[in-house]
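Dropping a structure here in C-alpha cells format, bear with me for questions.
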Amino acid sequence: MTRRSGLHLAPALTLALMLGPVLAGLLGTLAPALGLFPALGGTEISGAPFMKLIQWPGLGPAVRLSMTTGLLATLLSLGITAVLLAAWHGTAAFRWLERALAPLLSVPHAAAAFGIAFLIAPSGWIARALSPWATGWQYPPDLLIVQDPWGIAMTMGLVAKELPFLVLMALAALPQAQPGRSMLVAQALGYGRMTGWLKAVFPRVYAQIRLPVYAVLAYSMTVVDVAIILGPNTPPPLSVQVVRWMSDPDLTLRFQAAAGAMLQLALVLAALGLWRLGEGVVARLGHGWALRGGRGTRDGALRFLTMGVGAASVAAILLGLAGLALWSVAGVWRFPHLLPDTLSLRSWARHGPGLSDPALDTLWIAAAATLIALALVVACLESEHRYGLKTSTRSLWLLYLPLLVPQIAFLPGVQTLALMLGGDTGRGAVILSHVVFVLPYVFLSLGDPFRSWDSRHATVAAALGASPARTLWAVRLPMLLAPVLTAAAVGFAVSVGQYLPTLLIGGGRVQTLTTEAVALASGGDRRIIGVYALAQTGLVMLGFAAAIAIPRVLWRNRRGVKEG
Amino acid sequence: MPQTGLILDTLCILKQGAPLITLNARIDPGEVLTVMGRSGVGKSTLLAAITGTLPPAFQLRGRIVLNGTDITAAPPQTRHIGILFQDELLFPHLSVGGNLAFGLPATVRGRAARRARVNAALTDIDMAGFADRDPATLSGGQKARVALMRMLLSEPRALLLDEPFARLDADLRSQIRRFVFDRAQRLNLPVLLVTHDSADARAAGGKVVELKAP
Amino acid sequence: MTGGYLMKSLIAAAAIAASATPGLSDPNPGDWSAVVAEAAGQTVYWNAWGGSTATNDFIRWAGDQVKSRHDVTVEHVKLSDTADAVSRVLAEKTAGKDQGGAVDLIWINGANFAAMKDKGLLFGPWAQSQPNWGIVDVDGKPAVINDFTVPTDGLESPWAMAQVVFYYDSARLPEPPRTMAALADWAAAHPGRFTFPQPPDFLGATFMKQALYGMVADPAVLQRPVDHVDYTAATAPLWEFLDGLTPHLWRQGRAYPQSGPRQIQMMADGEIDLAISFSPGEASTAIANGELPDTVRSFVMEGGTIGNASFVAIPYNANAKAGAMVLANFLLSPEAQARAQNPDVLGYGTVLAMDKLSAEDRARFDALELGIATLSPADLGPALPEPHPSWMVQIEQDWTAKFGVAK
C-alpha cells in the first residue's frame, strides 16, 4: 500500500479551517443572545434579549419577509432553471443564453441590485424610455415599485442574480445525468421535449445540484446588500434589521441583535427543513405524474415563454449595468430624459485615482484566499483519489456550513475570537476569513471535473515511473487546467464580493472595492455607484477572462485537452 | 541467480471479504500469458492489483514477485511494470515528443541527450519528425505505436495489456498486435494479456487462463 | 414599548464625569511638544462616514497636510455607519485588547458619543489641551462643549458646525412652506413630493425634533431627559402632525430614503421637491458637482432650526493617540476651517471665533463665496440647541412602532 504523506491530513485540516470559525463564531453570537456580554455589563444569563426581540413590533412582518422572499426567490430560480433546460438545452438559442449567463456571475450582487433599481424605479430607465410620449409623465409617478412591502422587487432581483448560478450548476451536473440518451428514449416513446426532460432527466440533475440550491435558499433569506437596495424598509427583512441593530448607537441593542441573529439561523434551518419536506412531496407527485404517462407534446408556447423569462433576467442585469455605466459618465441627467443631458468624465477623474489602492488590495486578498482555497481543495480531492477517503461525501455538507449559516450570525463572534487570539487585524486575518466562504465554491466548481478525470492516466504515469506528486503536477493539473482556473475565477469572484467579513475582521482598516463601494453607496449618488460597480465587475471579469484565455493560449496546439 | 519473470503467487483479490479473483501463475521472460473472461469478471481489477493501483475497497492476498523481488507492497511507480489500455491515453497536454520524454528515465541526463533518445525512438516506430506534433492529430495506429514506445522507454521489466487492441479496426488490429508482441519478445519481457477476443489469445501464442466468477 | 435602558445609563453618565484612567504608555495632552514629537511617524486610522465624496476629498486633503507638516500618515476608514467603528472598539474591549486598537479617531457626535462616553470607551480629556482650542468659539457656539446636551468633558474635539436647512428646486416649487403647518398643507396639496430619511437615520430623527420645537409650549423641556418631563404630552402634537403628514409623503410613507444624501439623487430625478439637510452648504456643493440643477435653493423654517457640532474622538485603546490629537488640532486650524467652509469643498460652518483670529486668518473666511444655494449667516438665523439624546432615542423608537412597520 502507498505510504501516507501529510496529504491525508488535508480533509481534516480543511474541515477545521471551515468549521472552527463558524462554530466559534456561533458561540460568540449565542452568548450575547443569552445576555452574556461583559464589555456591555452583561454578566449573567437572561432571557431579556429574546423578550426584547419578541416585543419589537416589526418582528412578524420581518420574519415573514425573510421566509417568503427567500423561498420564493429559490423556487422561482430553480423552476425557471428546470423549464429553461427542459425547453431549450442543446439548441442554438440555449448556447446563446448560456454564453450570456456566464459573465453575469461576475456582476456583484450589490451592483446588479443597483442596476435593476435604476431600471425599474418610477424615475428609472424604463419609465424614461416611455416618458413623456407614452405615459405623459413629466415627473416620475409616485409608485411603490422598488422597496415594495411585499418584497417583490427584491425577489425579482435575487432571481435575476441566482438564475445564472443555478443554470451553470445544472449544466455542470448534466453530463452525469446523460440527458442525450434519456431524451432519445423519451422522445422515441412519444414524449414532448419539455415533458420528457422534466420526467426523465431533471430528477437526476436535481440530486446533483441540491447543495447549491440550499445555498441559494440560505443566501436569499439572509442577504443584506440586495435587501437594503431593493427590499422594503417598513420593516425590512430580519437580516437587515439585525445589521441595523448591530450598528445602532444604542449599544444595548447588540443583545437584541444577537437574539435576532439566532432567530435568523433558526429561520434558515426551518426553511431548509421545509424545503426538504417539499422535495419529498414534489418527488411523490412527480413520480405519479411520470407514471401517468402524459406525453405533453404541445409545449411550443410554453417553450417560448420560458425563453422570454430567461432572456429578460439576462437583460435586466446587463441593462442595469449599462445604466450604471452611463451614470458614471453623466453630468446632469434629468427625468424624463433617456440619455444624460451632459456627459462628463468628472466622476472617473474624481474617483479613478482613489480606485487603485483598494483595487490592488482586493486583488491581493482575493488572489491569496483563492490560492489557499484551491490548494486545500486540490489536496482534499487528491487525498480522496490516493487514499480513497470516501468520508468527504458526508463532510461536504459541513463544507457548506459557512454558506448555510447566516453571516451575521457568526461573523461578530469570529471577530471577537480573532481579537482574543491576539490575531492582528491585517490582511492575513481577512484572507483567512475569505477562505471560509471561497472554499465551498471552489470545491463545488472543481469537485466534479477533478473526480471525473480518467484515473487510468495516473496508472499509466505510475507505470512510467512517475511518483504521485509528479503525476499530480505534470499530468493531472495541466490536463485539468481549464476547470482549475474556472474554479479559481469563481473563488476570486466570491472573495471580491465579500463585505461583512472584510469589514468586521479587518477592523475597517482593510479596504477593498466592495467595502468602499458599500460606504460610498450609502450616499446614493448613482455616478459613484456606477464607477465602483464597473470597477468591481471589471476586476471579477478579468479573472473569468483569464480563466478562459490562459488554457486557450497554453493549449492552442493541443486539441485533446478539454476546455473547462 | 535469482528467478526471472513475473510470478503471481496464489493471488487472491477480495471485495468486502469475499474472494473475487484467484490466480496462480508464472510468466517467464518473453512469454505471454493470456487471461480471458467475460466483461465484469474483474480482469481490470487483476491488472490494478499488479500495477499497485487497487482501489481501497479491495484487499489483496498472495504475493507478486518480479525478477526475484517481492513487489506486492511496493508503490506503483517503483514496480517497473508497464501497462497499455485499449485507449492510448497519451497525455493530451504534451507533444508527441513530450509524451515519450515523460517515459524516459531521469537517469538520461541533459536536454540534448533526452531529445536524441526521443528522436531515435520516433525513428524506430517510423514516425521521425513527429516530436512536436499534437497527439490529437495522430491516426489511431500512430497513437498506438507512440503509447507502446512511451511505455518501453521507461524500461519496464514486465508488460500488462488491458484489451489494447479492442478499439482498433480489424486491419490495424493485427498489425499493431504483431508490433507489440514483437517488441516485447525482443526485450524479453514477461507479458500478461487480458482480453475477451480469442484472436488476441491465438496471436499471443502462449498459455491461456480463463477467469471465472467464483 | 417604553425602552429607556440607554436613557438610564446616560443619566448615570451625566452624573458621573467620565473617568477614563490613562494607560501607562498614553501621551500626556498637557505636554503638547511631546505629543507632536510622539506623533511623528504614526499612522492614524480615521474612521469617518464615507458616503459623501466631498467629505472624503476633504479628509484626503487634511491627511496630506499633516503628513507634510508633522509626518503623520492619515488613513481614512470609510464607514457606511459610524456605529461600525463603535462596534469595533466594543469588540476589542470584549476581547481584552486594551492597547493597539484599530481605531484612532472617530468622526462622532450625539448618541454615538453618549454611548461611548458612558461605556468608558474614550481616551481623554484632551480636547482643551490643543493649542488651537484658544480660538474655538466656546461662548458663541455652546454646542462645541455640549454634544446633544451631554458635556464633552474634553473627550472629543469639535471640527464643524451644522445647522438644519431645507433645500428645494425653485424651478418646480417657487415658494416653499416655511412652517411645519404650511409644510403639512403643501404636502396634502402635492402628495408624494416630500419625504425624510427613515429613522433611526439621524436626519429623519432631526426632522421630527425640528418639528417638535415648534409644537412644545416650553422648548426648555427638550433639554432635559425624557423621563424627567411629561414626554407623552410634549410629543402628542408631533404624532398628530405626522399622522396627518405621512399619507402624503413620497410613496405614501410606505418606503423612505435610507440616508440624507440619497435625497439629492431623488431631487435630481424629480421624485421630490423638498428635502432636509444638516449641512447649509450641501445644496451648493451638490450643484457644483453637477448632482443637482442650479435652480435648487435653501431656506430655514421660521423660528430657527436645530444646530449641532461634529466632533472627533479618540478611543481609549487607540494605537496612535498622539497622531490623532495632532490631526484634531490641525482640523481646528484657520486654514482647515476655512477650507471646510468653502462651498466648493464642504460648505461646513466653522467652529472658530472670528474675533479671536488674526487679520490674516480672518481674511481667509472673508474671501469665501458662499455659493448659489447657501444662506448667509444672517438668513440662517440662530441655531436651536439639540434636545437631550434621550429624546432622539425615544422618538425614534415610537416612530418605528407607529410608522416604521407597515400595518
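Residue numbering begins at 1 within each chain, and the chains themselves are lettered A, B and C in the order written.
The definition used in the following text is that a contact is a pair of C-beta atoms (placed from the backbone, for glycine too) under 8 Å apart; a residue touches a chain by one contact, two chains touch by 3 or more.
Quantities reported herein were computed from a predicted structural model and do not represent experimental measurements.
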Among the chains, which one keeps its Cα centre farthest from the Cα centre of subunit B? C
Suppose every chain is reduced to the average of its Cα atoms; which one is closest to the average of all protein Cα atoms? A
Where the CA atoms of subunit A average out and where those of subunit C average out, how many Å apart are those spots? 37
Counting in whole Å, what is the centre-to-centre distance of subunit B and subunit C, each centre being its mean C-alpha position? 80
Subunit A and subunit B, separation of their C-alpha mean positions in angstrom: 47
Sequence positions of subunit C contacting 2 or more other chains: none
Contacts with 2+ other chains: residues of subunit B: none
Which of the residues in subunit A come into contact with subunit B in the complex? 1-3, 387-388, 454-468, 474-475, 478-479, 481, 555, 557-562
What part of subunit C is in contact with subunit A in the complex they form? 1, 3, 5-6, 9, 45, 47, 49-53, 56-57, 60, 75, 77-88, 90-97, 102-103, 110-112, 114-115, 119, 172, 191-192, 198, 200, 250-259, 261-266, 268-271, 289-291, 293, 393, 400-401, 403-406
Subunit C contact footprint on subunit A (complex, rising order): 37-40, 52, 55, 57-58, 61, 121-123, 139-140, 142-144, 146-149, 228, 232-235, 244, 246-252, 254, 331-335, 342, 344, 346, 350-351, 354, 412, 415-417, 419-420, 422, 425, 503, 507-509, 511, 515-516, 518-528
Contacts from subunit B onto subunit A in the complex sit at residues 48, 51-53, 55-57, 73, 75-83, 85, 87, 89-93, 95, 102-103, 105, 134-137, 150-151, 154, 156
